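First subunit A sits with subunit B, and in the next complex the same chain sits with subunit C.
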Partner chain A sequence: MRSLLSDHHLRFLIASLVVILVAAAILSSGQFLDPYNFQSMAVQVPEVGLLAIAIAITMISGNGGIDLSVVSIANLSAIVAGLIVRSSLGGAGQGTLYAIAFVVIALLVGTACGLVNGFLVSKGNFPPILATLGTQFVFVGLSVALSGGPSVSLGETEVFSQIGNGVILGIPIPFVVFILAVLGFSWVLTHSRFGFRLYLLGTNAKAANFTGINNNTIMLFTYTLSGVLASIAGIIIASRASSVKWDYGSSYLLIAILIAVMGGINPSGGWGKMLGVVLASFALQMLSSTLNFLGTSNFLKDFTWGLLLLLSIVLTGTRLSGFVKPKPVRDS
Partner chain B sequence: MKKVLLIGAGLIVAAGVTGVLAQKKWTITTVVKITGINWFNRMEEGVKEYAKTSGNNAVQTGPAQADPAQQLQLITDLVAKKPDAIAVVPMDPATLEPIFKTAMARGIKVITHEADNQKNTLYDIEAFDNVAFGANLNKRLEKCMGGEGKWTVFVGSLGSKTHNQWADGGIANAAKNSKMMLVDAKQETSDDADKAYEKAKEILTKYPDIKGFQGSASTDVAGIGRAVEEAGLNDKVCVFGTSLPSIAGKYIETGAVDGIGFWDPKDAGIVMNKVAQMVLEKKAIKDGMNLGIKGYEKVSVTKGPGMGKIIRGSAFVDVDKSNYKNFPF
Partner chain C sequence: MSALTQTRVAAPVTFWKAFVRRPEFITLSLIVIFCVVVGIISPSFLSIKTVTDTLRASLTTGIFALGVLLVLAAGGIDVSFTAIAIFSLYATTRLTLAVYPDAPYLLMVVVGLGMGLLMGLLNGYLVYRFKVPSLIVTIGTQYLFSGFLKAFIGSRHIMDIPKGLDLAGTTALIQATTSGGARVSVSIQVLVLILAIVVTWFILNRTLMGRAVYAVGGSIPIAERLGFNVSTVILFVFGYAGLLAGLGGMLHGALNRQANPSDLVGSELNVIAAVVLGGARITGGTGTVLGTMLGVILIELLTNNLILMGVPSTWQKVVIGAIILLASAAFARRGKT
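== the complex of A and B ==
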């Protein structure tokens, strides 16, 4: 707990969450505290939350790391899986086999897309922002070509629809998936050799190389993981909407970047915690739901999100800048 | 102590009863595809007017970005908030099926507009029968052409269901008159005014004696109008199509476009809310009913693709140079 509060970003995020929650409870005269509302918010967080984690790990890898193709990977993997599963298993089984086949195919597509990004960034040595901007358009193009444009309905699928709409012990399944992903990545980042090397690479690529780390392998792995995470988001989206479409979540990319940065991920690499990303995604979701509850204009939502990000930069900025460039040493 | 409790309980019951007896104010939320564009601003006028006249708590909301995901998130929050009814203009009907199902399970009445393929809705409201709308446009074109000559029809894309229904309605109408000669039917314009302009120029070169154009995408008549105007044929060629005064007004003024047709989103907004109220008051909407709004005086009610029904009005608005300024959208 002490370490929680000693971190500027986490402190800011926890404070924001408390302020938003109290304000929402008062303004909605308690209606906001209905357990159903918390369930409903928990259903909404994972899609963009998973994309934010994907972006966070690419940012941590440094070298201007970012993955702009996450939303397009999510949609492409869901569209490919949807089309294959629907045509091969559509009539026969809406059951477990359908669900498993969908998930496996989507994860494979996500892995493949991530590998493409990884190769471009590591072996190809392209700047990540350019490489993933390019692949983003390629993946969107493929999605449109495969689906023909309109949304592909998956129909009534019993087991598969549980992934996005089901509940375990009162907790929505997408939220369980999200939390499992978060715990998994937290462990990987803090306890595994990969995690250690990733932070080292992000902090100083040259130094990492001299210590015998194969930077290209780490990069390849990072962008592939990002693709896999994106495809998990795609699976949840497809299940929740019981359909797949190439432009679903087109507004998610900037929100995911916003969450990553607000969560304390250093865009220059080498620093950031999963917990920060999770709290930032909660804060934005709660803010957005509060405004929807109060029935305010949705432009106000964008405005308040931006304001929260600016506040987070201002209030926690000292630490960030300290990491971006070393503080000048003063002679006395 | 017991007495106090009894009196207290009595008061609560009494308050409850009077609360029920007093006319209940319904909360109805209209959700549009995107906030801040002319079409849905006009719809909001209707929602506000309904709120004022009915006394119900009716408001309109919609995502700031045109993204089906944002609309889904917004409706998810609304379902948690639990208004009595929601009236939705879906960005993508398929995306919203599961949340509509959840909403209805939670006791929220769901009404939709422009979504005749929506399964999980109680009533879907369509402003008109698309084939009849296309035929009406063509009748105006026929009249303008003096009942004879070569004409053609554009569609935004061959995949667009409504565009094809409008075009087919027009073609069927013209087929009744042997003097109306259809040439190069259903050219695709990709909902792009520049493409429509190029296509219209090609047609004008290929058929110098062409007398009529019927557009489908809202941008079609703007493109055709530009081509007709450049060729100096404002008085010789008739141009009709689906569009809005804000898009085609310029060409209607010069006479390059002779008339347009559309439906008024303001009326659609009022009708959605009225239907929601009727559902909440457990009144059934029957075939031939008068909903009290122009164009919806004698609606047709048919079975929808799911459990719900489709209500169709005949609310097309015919606009030409004389009245286009009355519709500021």
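== the complex of A and C ==
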């Protein structure tokens, strides 16, 4: 707990969560605290939250790391899985086998897409922003070409629809998946050899190389993981919509980047915690739910999100340079 | 001084060799290859109309790209310029309609530029004052500007724009009818792009600020030791990008003869891609006006002419992505870090 509060970024996020929660509770005269409301928020966070984790790890890897293709990977994996499963297993009892086949195929496609990105960025030495912008077009294009354009319905799928709509002990399954992913990745980042090397690579690629780390392998692995996370998000989206389409979640990319940077991930690499990403996704979701609750204009959401991010810069930034001597500008 | 004159005299001999080594050459080659391939598949591509259409499509992107170029050259990134552009256009249009509906275009542009400049300066201030990566700041301001515009200024699509704006969009600089009977025209707005190109080129190549921009993009500590004031440079590049964003917004409104608050935002990555395809490194310190313009032309040719190549519309995005990857491969092979 002490380490939690000593990180000024996490402190800001926790404080803003508390402020939003209290304000929402007062303004809605308690209605906001209804468990049902929290349940509906917990359904909405995971999709974009998983994409934010994917972007966060690519940012941590440094070298201008970013994965702009996450949303397109999510849709492509869902479309490929949906088309294969529908044509081979459709009709014949869309039960557990259907669900397992969908998930496995989607994860495989996500892995393959991630490997392509990783290969381009590591071995190919492509700037990540260009490589993933290019693959984004390619993946979206493949999605359009394979699905033909309009959404493809998955029909009545009892088991599969549980992934997106089911509840365990009152907690929506997507949220459980999200929390498991968060716990898994926090462990990997803080306790595994890969995590240690990832931070080192992001901090100073040359130094990492001199310590005998194969930078290309780490990079390849990072972008592959990002693809896998994106495909998990794709599975959840498909299950909730019970259909697949090439342009589902088209607004998610920038929101995911917003969550990652608001969570304290440094786009220049080498810095950031999973907990920050989780708290940031909660804060943004609570803010938009609150505004929704109060019946304000939908566009006020964007404004307050931007304001919250800038506020986090202003508040945590001044804390950095207020007491110690201002550092020279490192990045612009 | 004499050494400088000598290299200038010797330049014509080695010009081609020097140019082939430049990153712009890759972009130019891709444009030429694309035009040849499309021209063979569909001869109707090789017409004046293609030139004017591409030019028209490149106007707004080109102006945005020049602003992005300065920010990238200084080692930053700006994703808020589309929000700034649409904010400037929409707020200026509403203001004009409310206060002075007959306002001349130039006055509207001045107002739009002023708004763009202020928003850009806010970006720059936040970046240097709080020492955070500019991607974070500009994502925040993008949401802030676009959200403020739609929540407080208006979310209604304005079709009947002020006369001045309408006139500026419809006035043609050159107008002609080709032998095929197609009417081609070049909008007067081309002059705005040319002016922006000249001013940006001048700043980057003929002023101390231009040197400072590249120096800061190369290495901030070294730029500081050279005596450049880093915060001034950061404020300048973001202010300039905001100014051009405001200009691009007004241009967009004039050419499309409408002001839609949901326009533009979301297309910023295409513009950044154009600048990077023109040879500017995402890590800063490089980039030229010529390369940027070639990158813009390449992107606009790609997005507007694939249908002529017989590429079915469902596969077009795959082809665009493949060409972006091809160009990045060419840059990556040049052995940059």
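As a working rule, the second predicted complex is superposed on the first by the 317 of 332 C-alpha atoms of A that agree within 3 Å, B and C clash if a C-alpha of one lies under 4 Å from a C-alpha of the other, contacts with A are read in each partner's own complex, and residues count from 1 in each chain.
We adopt the following convention: a contact is a pair of C-beta atoms (placed from the backbone, for glycine too) under 8 Å apart; a residue touches a chain by one contact, two chains touch by 3 or more.
Because the structure is predicted, anything quoted here is derived from the model rather than measured.
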{"item": "Partner chain in contact with A:Val43 - subunit B first, subunit C second, else both or neither", "value": "first"}
{"item": "Subunit B or subunit C, by number of subunit A residues touched", "value": "C"}
{"item": "Contacts of A:Gly212 with subunit B and subunit C, given as first, second, both or neither", "value": "neither"}
{"item": "Partner chain in contact with A:Leu133 - subunit B first, subunit C second, else both or neither", "value": "second"}
{"item": "Which of subunit B and subunit C A:Ile257 touches, first, second, both or neither", "value": "second"}
{"item": "First, second, both or neither for A:Gly164, with subunit B first and subunit C second", "value": "first"}
{"item": "Touching partner for A:Asp302 - first (subunit B), second (subunit C), both, neither", "value": "both"}
{"item": "Which of subunit B and subunit C A:Leu310 touches, first, second, both or neither", "value": "second"}
{"item": "Which of subunit B and subunit C A:Gly141 touches, first, second, both or neither", "value": "second"}
{"item": "Which superposed partner A:Gly149 touches (first subunit B, second subunit C, both, neither)", "value": "both"}
{"item": "Touching both subunit C and subunit B, counted on subunit A across the two superposed complexes", "value": "148-149, 297, 299, 301-302"}
{"item": "Residue ranges of subunit A touching subunit B (in the complex, touch as defined)", "value": "31, 34, 36-37, 39-41, 43-44, 47, 148-153, 161, 164-165, 237, 240-243, 245, 247-252, 288-289, 292-293, 295, 297-299, 301-302"}
{"item": "Subunit A residues within the subunit C interface of the complex", "value": "64, 68, 120, 124-127, 129-131, 133-142, 144-145, 148-149, 254, 257-258, 261, 266-268, 296-297, 299-307, 309-310, 313-314, 317-318, 320-321, 326-332"}
{"item": "Of all residues in subunit C, those that touch subunit A in their complex", "value": "74-76, 126-137, 139-152, 155, 216, 220-221, 224, 230-231, 234, 266, 269, 272-273, 276-277, 281-283, 314-322, 324-325, 327-329, 331-332, 336"}
{"item": "Contacting residues of subunit B [partner subunit A, same complex]", "value": "29, 35-36, 59, 61-65, 67-70, 72-74, 76-81, 92, 94-98, 102, 159"}
